[in-house]
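Before anything else, here is the set of structures, which you'll find just below.
The same chain A turns up in both complexes below, where it pairs with chain B and then with chain C.
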Partner chain A sequence: METMNHLIQIKNLGKTFKDFWYRPVIEAVKDLNLTIQQGEVFGLLGPNGSGKSTTLKMLLGLLRPTRGTIELFEGLRPEDVAVKARLGYLPEVSHLHEFLTPRETLMYYAALFGLPQVDAKRRTKELLQMVGLESVADRAVGRFSKGMARRVGLAQALINAPELLILDEPTSGLDPIGCREVKDLVRLLAKSGVTVLMTSHLLADVEDVCDRVAIMNKGERCAYGSTRDLLRNPDMVRFSVSGLTAEVAAEIRLQLEQRAARPVQQDFPEMSLEAYFLKVVSPDANNTAFKVAPFLEKKQ
Partner chain B sequence: MKTIRKIFGIFLLALRASLRTKTVFALLLLMVTSVFLLPAVVKGDGTPQGDCHILVLYTLGFSFALLCLSTLWAACALFAAEIDNQLIQLSAVKPVRAFEFWLGRWFALLLLNAIALFAVYSAVYLQLRWKQRQPGWRESVQLVNRSVVHPLLPTPQEEAQEAYELLAKQKELPQGLSKAQILRVLTTKAQERYTIVNPGESISWRFQLPRPIATNELITIRLRFDTEYSTRTQVTGVCRIASDVLDAPMVEVPLDDFSLQEIEFDLSCQAFHLKHDLSGINLFFTHTGNPAKASALMLRFRKDVVVLTQGGSFEANLLRSALVHWSVLALLAAFGLTLSACFSLPVAVFSSTILLLLVMIGTSVTEVVSVEEEKEWLKKPGILVSRGVSAIAHHALRIDPLESVINGERIEDQAVGEALAWNVLLSPACFAFLGILILRRRELASGD
Partner chain C sequence: MLYLQQSLAIAKATVVESIQQPIAFLILASGVLSTLLVPLFQFHRFSEDGRLARDSGFSTMMVFGLALAVTTAGRAVAVEIRRGTAAAIIGKPVARSLFVVSKWLGVCGVLFLFWLGVTAATLLAERGSSHFILNEVCTHTQHGADDLCEPSGYIMDTLTLGLGIGGVLVALIYAALQQFIKRRRFGVHAFVGITVSQGIIVGLCGLYDRTGHLLFLIKGSPVFVSDLDWRILPVGTLVLLALLIFAALATALATRLQTGATFALCVLVLLLGLTGDLLAVQTSLLSVQGWLAGLLPDIQHFWLCDVLAQGGSLSWGYVAEAGLYALSCCILFLTGGCLSFANRDLG
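Presenting the complex of A and B:
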């Protein structure tokens, strides 16, 4: 991993918020070190107030670090226009102009990237199809549900076919189908070479899609590494077999207990509630509704 | 090309933001009210001239004031509100430079103001034309546009400098005042200086016309006399007018009117019997009142005696007035945007309104302040701020276009050009520089 290209390199990053009189009030991020490689899906986890969003905002140039450095795309600073041209961002709350329609919203953000009108129109159409908002493309965003607004937010983050996608709580406000679709989309984008950095409170979401994670608490990094390494318990082994009769299962258990010289725990794995919900509500949920927009696929 | 697309995108968003909010419709309603209801509600003196005054000065003035406030507040909201409600976060992470944000929004305000001014001016113009069809109006109200020519005189500054040097030579300079302070007082006095014409006395002025006047054209002479105690008195005298050709015949016009009002008379250039166009005139006034009874006449020779020549159409003058007003709105928009980049919405709106009030009253504050007051440490900062604001605003508000329109005086191209250069280019460039600098330095998110 260390030999790969570092897309984001954070060194000794710190952020202290000050009051009106410039007295330090909160140390939101303390001495944070992180590297994110090209093409990986990285998860930033932590409870409320742990400094995740502050870190993201510093990465985006919206906040200025008090200490330390951030380098993106090998040596560029977050404030550089060249960096901003290559990334997409979905904030925790979508913050969309309520008087605009989804089509106008996407056309506006396309204009901010300087896309020619023809390209902007094509991408807007493809993204609206991708997030399933084509039928409401000309209705004001202010009248949308939180989930629909989230979809618009996601679409705007992809308008420039970003190399780095920063998602702050991407599944917040979405129903389980929407969550599933977003996770599938993240996987598809990662497959096409997009680096994704996401934060989430929903640990299952992160576990499902992230290659590596960092866990933050009170502004400090508590754990950092690949999801598999962090979650693996090297002392435990689990076998999952279907179709065994009770007798055969008891026999295997006995043999295992004899070989391990320890008690063996036996259970019947349950389907997750999310999987069950999807099975009930949308039996074909395995085939995600999100079809990656063609202009994003070209990178594959 | 990319920059233009970005600026256009921001411009379009600002336009949509303005047109899709209820505030704009409220403003439109208020403007319609001011344009159509104000002339009906405000009582004039019953004369067509009075009605014309109300229509042009009050209606256009009120609409312009309304636009000034709305432009200022809208500009204050454009950045501040977006920063306050975090809407800016999505735009700020896009590859857009601060100047592109600033320009896009400013252009949107310029266009909206241009549309609003066009609508208001058109409505007033149509009302004027409609009223001109009514009996009494056509005869008494002339919608004209005439160039104003002042007599050839040293500037007030030159006169003040001369007076200063004389005082210095005589060692009579007031003590405890700086040279700048003395010159300021002397310049103000020079601007308002009166010439006194006693019965039996004569006075003359020379006028250089800005363009040669053809022999078939008319020129107008306008005089306004005053008396020592500003009382209404009989003006009896003779005006003799001659072309600037040596030994040219003089045209004699007897005057029998009153002081404290403008006395105007037209003169055909044919009266000078010239073979070529008229390029300058000499005006002589003789007070023919009875030396025993008549009081001395006074006039401010820099303001109260002018020659008027044809300056184009009334419509062109109205357009120039609209351009000057538009330039002031452009300056206010730039100012508001910069405040918006610095402060939160309530602070930006409050400080902009206070500064606007200071511009309006600043000149009067600095005019009445005494030398003793200037030295008081408690009043000094206020006087300095008022003086600074007035000095800055002086360039922006140098001409009062509505006053010129109502007086039928041409707003000179140079004045319009200066207003555009100062209000639409130079000052906004400074404000933009400051605003962009602050936007680049400012954190656009909070640490929630």
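Presenting the complex of A and C:
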């Protein structure tokens, strides 16, 4: 795994915040080592203050590491402007110019990437359609709800059709339908070859979409590996069968207990609250999910 | 080419964001109105009503412009760093130094719009203020009657002043209607509307004389006579150059300081800069006084209202030289700003 195509390589990374007198105040990240491969969806998990956002900001060149190195796209440094042209970033809070409209915001970010006017207009239109903000495209974003601002933030992160998408708490402020749409979008983007690095403290979100995860706590990496490997309990086996009568189920359980020589736990699987919510609120949720903007699909 | 596109985009967004702020609109509206109202409240004229109106206009330009430069730079840089908007831009392929310079260009754009409005208002205020007019011959209308005889003495051009003040009100009503009907930005339309209204009235006031009579109705009179003191322009341009220096200083300081501290330091530099001539006289370059004189912008180079007294004027050649000096000061301050911002943690 380590010899594969590395998109991000972090070695012994550390960040210590200092006060006005340059005295160390807090060590936000301690000796972090991570490798993220091309095309994977990687989740950075951890409680508040664990150093996730600090790590992302160092990856973007917004914060300078106190120790260690970061390499992106095989050998480039985060401060390089060329690196930033290849990535998209959704901050934890969608920092938008409150007097600009979503259309103006996307055109503004398109100009920062040097997109020609025609392409910028086309991508803006497609992205506004994708995130469902076409009807409010000319209203100032300062009046938007947090969820709507989040959608604008997501659209601006994709305006340059990035190779690497960095999402800081992407589902924060979104309703369950919005969360589902974002997760579907992440999966679709990953299928089209985009590498996604996301942070979240909503574990279900990460579990649904991430191929690999790292868990951070107090600035240190506590766990690291594929989601499936980390969550698998090799001592436990679960069978799921539908349509059994009570008698047959009791017979099977008895046989299992005899063979395993241990008590067997029996339950009735429940759907997740998210799935139930979507079933009630939006029965055709599969049809309302984000449709990836055509200019992003072309990469496939 | 990419740098130019990025720079224009950031500067444009800065202008739109800044003039949308209530404080920017208030500074412009109060600056224009106070300039236009000065001639109406002069009680001790000493035959120098025009000069008082001019000087008042220049002072308004400098003081209100300084306040606008600092608040705009503070909002465009310090507040954006605190709110995270700056991080969102630096997260794109935008060099940090380009960000600082583009923000300064945006602040300059706001100051230029402000300057246009206040300069036009100063031209109108100077024309509107009382001037001694000696009517030796009565003018004749097309009807042939001597009905335009005016008494000799001080005559105030109240029509021009009224139009100027009315222009501000019309701009506000226009902006309010734009906001109400088309949901367009009030601040932007009000700010630009006030500036445009003053410009239009500068053009219109050439169609009538100081007593308010339309020129095309007066026999033998040219249809258009501007009758404005255009000597105001080069002197006003010098004030604009000084404001651009303060915009560069405020932008540089805002990369590390909040608006209050930036304002205090800019006022200190203004006061020390006004003593620039005194500092530079008979000092060694190695002394503290000499260093201050060398590093601080000498504001005396940009404050030459007195030149206009008693019929004097200022050459555009001097303005060009002052422009080069202002440019060197801006480069010095912006370099400091870029260095200060280069290693600043964002987010």
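Simple rule for what comes next: the second predicted complex is superposed on the first by the 297 of 300 C-alpha atoms of A that agree within 3 Å, B and C clash if a C-alpha of one lies under 4 Å from a C-alpha of the other, contacts with A are read in each partner's own complex, and residues count from 1 in each chain.
Throughout what follows, a contact is a pair of C-beta atoms (placed from the backbone, for glycine too) under 8 Å apart; a residue touches a chain by one contact, two chains touch by 3 or more.
Since the structure is predicted, the reported quantities are computational estimates derived from the model, not experimental observations.
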Joint occupancy of chain A by chain B and chain C, clash or fit: clash
Which of chain B and chain C A:Arg139 touches, first, second, both or neither: second
Touched partner set for A:Leu60, first chain B, second chain C, both or neither: both
Which of chain B and chain C A:Leu76 touches, first, second, both or neither: neither
Which partner, chain B or chain C, touches more chain A residues: B
Touching partner for A:Gly114 - first (chain B), second (chain C), both, neither: both
Chain B versus chain C as contact partner of A:Ile26, first or second or both or neither: first
Those residues of chain A which chain B touches in one complex and chain C touches in the other: 17, 53, 57, 60-64, 81-82, 84-85, 89, 91, 93, 95-97, 99-100, 108-109, 111-114, 156
Complex contact set, residues of chain B against chain A: 1-3, 5-6, 8-10, 12-13, 16-17, 20-21, 85-87, 89-97, 440, 443-445, 447-448
Chain A contact footprint on chain C (complex, rising order): 1-2, 5-6, 8-10, 13, 16-17, 20, 83-85, 87-95, 183, 185, 187, 343, 345-347
Contacting residues of chain A [partner chain C, same complex]: 17, 53, 57, 60-64, 81-82, 84-85, 89, 91, 93, 95-97, 99-100, 108-109, 111-114, 139-140, 156
Complex contacts: residues of chain A adjacent to chain B: 15, 17, 26, 28, 53-54, 57, 60-64, 79, 81-82, 84-85, 87, 89, 91, 93, 95-97, 99-100, 104, 107-117, 153, 156
